[in-house]
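For clarity, chains are labelled A, B, C and D in written order, and residue numbers in each chain start from 1.
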Amino acid sequence: MTFLFNTGRTSAQGTGLEHKSGPEYREATSVCRMNPVDLMQLEIEAGERIRAAGPGGVVVLRVAASDDIPQGTVFVPLGPYANAVVGAETHGTGMPDYKSVEVEVEPTDDPVPTIDQLMEAVGGLAYLEEER
Amino acid sequence: MIHRDMICPFCGCLCDDLVITTEGNEVVQVDNACTLGTHKLMGAWKNRLKNPIMRDGGEWRDASYEEAIEYAAGVLLDADRPLLYGWSSTQGEAQGLGVSMAELLGGVIDSTTSVCHGPSILAIQEVGHPGCTLGQVKNRADLVIYWACNPTEAHPRHMSRYTTYADGFFLENAFRDRKLIVVDVRKSETTSIADEFVKVKPGGDYAVFSALRAIVRGRADVVPDTVAGVSKEQLVRIGAMCKEAKFGALFFGVGLTMAPGKYKNIRNAIELVDELNRYTKWTLTPLRGHYNVYGSNEVFTWMTGYPYAVDFSRQIAFYNPGETTAVDILARKECDACLIVASDPGAHFPKACLEHLTKIPTVLIDPMHTVTTPLCRCQIPTAVNGIDAGGTAYRMDGVPIHVKKFMDLGYPSDTEVIGRIFERIQEVKHP
Amino acid sequence: MSDLLIKNAFVIDPINRINGEIMDIAVRDGRIVEDVGQGAEVIDAGGHLTLPGGVDSHTHICGTKVNFGRYMSPEDMRAGREARRGVKHSISGYSVPTTYANSYRYAIMGYTTLLEGAMAPLEARHTHEEFSATPLQDVMANTLFDGNWGVMEAIRDGDIERAAAIVGWTLSAVKGFGIKLTNPGGTEAWGYGKDVTCIRDKVPHFEVSPAEIVEGMIRVCELLRLPHSVHLHCNNLGKPGNYACTVGTLNLAPDLNEKRQTLYATHVQFHSYGGSDWKTFCSKAEPVAYTVNNRPQIVIDMGQVMFGKTTTMTADGPMEFNLYRLHHDKWSNHDVELETGSGIIPVLYRRKNLVNSIMWSIGLELALLVKNPWQCMLTTDNPNGAPFVKYPEIIALLMSKKYRDAEFATVHPDTGSKVVLPALERELDWNEIAVMTRAGQAKALGITGIGKGHLGIGAEADIAVYPLKVDEIDPSTEYQRVIDGFAKTKWTVKRGRPVSRDGEILVHGENTTIWVDPKIRPERDISRDPRFVEMFNHWYSVRMSNYPVQDEYLRRNLRMETEAAI
Amino acid sequence: MRIILTMRPRKNPFIPIEAEGIVPSILMTGAEITVWEGNRERRLDEVFEVAVEGEAATVEEVEVVLRGDTSRLKRVGEYMDGGRITVEGDIGMHCGNFMKAGTIEVMGNADGWFARELCGGTVICRGDAGHYCASGYRGEKKGMTGGRVEVFGNAGDFAAEHLAGGEVVIHGNCGDMAGVEMHGGTLSIGGDCSRPCGNMTGGTCTVLGCAYGMIPTFQAKGETNGPDGKNISAFTGDIANRGKGSLLVRRYQYLK
């Protein structure tokens, strides 16, 4: 199904900002809020996972239900998960399309990746403090 | 120890009434701050990167400041088009050094503005900015509009310090006398307390502003029955409310700057406010995110003439967002080295940009292990401004405030580290 | 610091009554001394015109409003771009140039001391940050009190000492220099989109009139014994018929100070308009100049308009909105809570435009009609009338009737019936120009005592050597040589160090910020006054403890302590 | 005279090159010009193989031909005052900006700000043009003031922004906000576009396809004859901006 993909700040994402290697930030930014009707149509339940494919790529997200989200749109907080989907086109303005991007959404059993996995997928190298 | 009237280094509200209690090197209590600020202040002495780190092939290793600074300077000096990005969560003094360094190197310097309120600046450059300081809104505004933003979550004290819940000198019962209109594509906590909630279809803000402008100037006749999901009836009602107000204040967020049309949405908002000023008093203020992103615009402007996205390749400042902005440069693979200061593109840039960051020598100056850490080749930890470093910051309305240091954890400040990198560069460029 | 000797200088130094003598000037440790030894660096002035460093007593170069002018004008930055070279930073901009551009261009014209005309106390830190990035001039900031709530309340209550206590504390707190009133009362009214029309209107809510504010602040200024007088931008700027309001305002000022004027009225060109609308618009420079000539306690500056593009910026918010409605170009406004306002719009002054041509004439008329050059300073209210780089042309216009006539022939043909300029024969001489561009400005600002505006023993060694041989030039016919000569010094010396030569910037300097610290009796310290503290913390959006500008914002500075009479 | 510049292979082909000296009237003099590759200044022949054929008495007899990967070559033809530039492949940003006379023809695609602030002459793109085709510069009130721009493919967003004079023809589709703020000149769009002519105060824009997200503050003026002889809906606006521009669209949809 095609959805309009929207991102934005949330206080959970905001509080996680200062400790992005912690689990709270990962939880806060990998959640995809959808209208309950859309969940039913996708035949999934809150807490299950979807694959979202947009102009920037594909990412697996955990789903949450929210009546505040209009049908046909999904909301993902600003962060590395949202950015795996958003493209780098700025229309000559310097600003990517963080709002109102079209994405294809389908249910999946794949796990939600960790942030380190996302960063390694683009060529980075995870830094693991506990090993040091 | 109790520290009073402390400055919160989180969002553009730059609250300056915090009471912070410390015991040794630990923050034990924060009063007056919102959850976001409290969380940052309570946790910031933890989670710090202990020392500089560098990548050797597939391994991370610890490094000395000396070695890391040497490496950073070398990488920047070797580059044909270095990008110096970030600058929002640091003090003005470091931002100024960054500009001088970009100038001497012949690099591009950009701040997080470009993925935040850069479009607002582009709009202001077309039509100007009818604004004011936040105290002016607090004392006078009897109508407040929040458009495409969610202050309850992103700027939690905005409403209590400056708008809905604040006392106002000219308002007898400020809470009752102030009307609130919220415009957004979805319901949020902020919409639930509004006198009027206007639900706009995604991408429809521009059309709604145009319609309101026509209505305010008495040309409702041309406006169709619904505009981007909003009934003409509601638009006419809102137009009347806006004209009847004695002092109106429009605040807007990245919901406008990131939506299709980008800066044209803001331009239309400004022109609506200009139009309203023919009838009564109106002001407009972008809700700036990082506590000192506005400072980066101020410093860049007096030094280079431009608020962000400045290209010094030819030793002359050149500015053209869309061309000289970080996302475009990275996505087009146009830079060959990158210095990131006090920001986290790993968390906020599209994937294509991150791929390029990993392919070029990228140096990160940041106190914490962030999402960007895995993408760089070297990270240098520094003190956090407003905690163990001090310096100047500019509030979202342009009021400059001295952000205060209240503890020392032994880290150098951004200003010191960048100053040392700059010294190395000067040794080569100005022998 | 090493010694410097400027030999064979043709010196005009009005304060020391030197009018064209060949002299040597000796400099040690940044000050002018009797003599220096053999080892001194020598500059041979070769008989060229040598003046004290230029002083601009009203310009807008640093601070929130100026920077916003830059911020909103990338198109302005396309002019005047120069690459980084040596010690010189890259620069951009024409009417709202970068701080470095302002500093370099002023230095090349021989200016060494600048007064920023309008600093909102709440945003003072910003002005001081930009001062630090203005390397080649000493700077000071007039501080805005036109809509200050505490001051208006005290004046309304007839408590001048309380008003003085507030002003004194504020100046010390924000490291300001003098009292600036911009459209007094009008900026507060603008908080609700209103204005005051002249000096007898009452300010809404505060029930005090502009006249009462001006008169009260003059007394405050003298109580605090400030070096500079009240610095006033009159009400009603830019409106046809406003001269009557201006004359009325000038007549408010008593003569209270033997060392200097009691009232400095700025950019008076913008306030000397006759007519009742734009169609009947005409010059009323004569009655305004007549008032000045009869009142030695008044000093004015021209606020000359020159043709071309520029940016207008002032704390006068309502005036800028009126301009916006005329031009429909971009408009910025920035009200500052409890204090003042401001507005910015770009303008283009055109010779083909009748109103603009009349404005151009009025500024020159004022300078020629005011008999005593110590009472009329040469300014453009940079950048409002024109960018300061136009000063050399203005000097030439004042020195040459022939040049004025040649220019007058190019302006709107109907101008002649609206102005008196063509009838004015006066041509200013070199000495008068020296008064109007440095000596008079330093005297009006009250800074001759700290060594500004003259070349006597002990003065700051701020010296400008112009490539002009006074004996060999007839300014009334060779005006182009005058323009070229004042546009670029042979040498500009700042605090004893050559900072520019033939238009080349030689050093990255460090300025001195001059500020005033009135010493007030502890029992009158307003920061301990419960009513004031309560007002402050309740209605300002910053805490009182975070308001004062910390010492670290002033790298090099000169504190002028005064013995206040309260 | 034919001057053929063939781009040499580069170590890093993504670093942009600024080459405002590539203008027929400059090159015909044989003056030594330099280009900037990032922050490094290079002689023209370090970056291009330069071949000159024939001679020219006037600039009109000069043709400059660009070959190789010129997709990151910026500011070609800046302030051009005559002659001809032919780009065999793609061209980078700001091609033909401030041009006064002559012809530029790009056989491939053109990147952003193609023919920005054009004053005169003809600028043609056979492929697609990027964003801000025939537009203005940040903060400047007037964009293109004269001359002719023709794009045979599609154009990106903000095409002909601030258009003040001259003629812009896009045979394909335009992106979002075509003709926004235009106050003079003509813009013709052969295909579809979205939100054309917001804030327009003057000039004429014709859309032969569909205008999606039509701005709601244009006043309908009924049907008229389009340039292709078929009926077309006429609007005037933008009423929100007290505008008196003319917008002609074959089909349109509001965002209801």
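Heads up, the rule we're going with is that contacts are C-beta pairs under 8 Å (C-beta built on N, C-alpha and C of every residue); 3 or more make two chains touch, one makes a residue touch a chain.
The structure presented is a predicted model; accordingly, all values stated were derived computationally and were not measured.
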| item | value |
| --- | --- |
| Number of hops, subunit A to subunit D, where each hop joins two touching chains | 1 |
| Contacts common to subunit B and subunit C (chain labels) | D |
| Between B-D and C-D, the pair joined by more C-beta contacts | B-D |
| Chain whose averaged C-alpha position falls nearest the assembly-wide average | B |
| Intercentroid distance (Cα basis), subunit D paired with subunit C, Å | 45 |
| Inter-centroid spacing, subunit C versus subunit A (mean Cα positions, whole Å) | 56 |
| Gap in Å, rounded to a whole number, between the CA centres of subunit D and subunit B | 33 |
| Centroid distance [mean C-alpha coordinates] between subunit B and subunit A, Å | 22 |
| Subunit A residues counted as touching two or more neighbouring chains | 91-92 |
| Overlap residues in subunit C, where contacts from two or more other chains coincide | 72-74, 76 |
| Residue list for subunit B, restricted to those that touch at least two other chains | 122, 125-126, 203, 260, 312, 314, 319, 321-323 |
| Pairwise chain contacts, counting only pairs that touch as defined | A-B, A-D, B-C, B-D, C-D |
| Partner subunit B, residues of subunit A touching it in the complex | 4, 6-11, 14-15, 17-22, 29, 56-57, 67-70, 73, 75, 78-80, 83-84, 86-100, 115-116, 119-120, 122-127, 129, 132 |
| Residue numbers on subunit B that touch subunit D, as the complex places them | 79-81, 105-107, 122, 125-126, 201, 203-204, 206-207, 209-211, 213-214, 217, 219, 222-224, 226-229, 260-261, 264, 267-268, 271, 312-314, 319-323, 332-334, 336 |
| Contact footprint of subunit D on subunit C as seen in their complex | 72-76, 78, 329 |
| Subunit D - residues contacting subunit A, complex | 112-113, 130-132, 156-158, 175-176 |
| Contact footprint of subunit B on subunit D as seen in their complex | 12, 14-16, 18, 36-40, 72, 93, 112-113, 131-132, 137-139, 176-177, 180-181, 195, 198-199, 213, 215-219, 237-242, 254-256 |
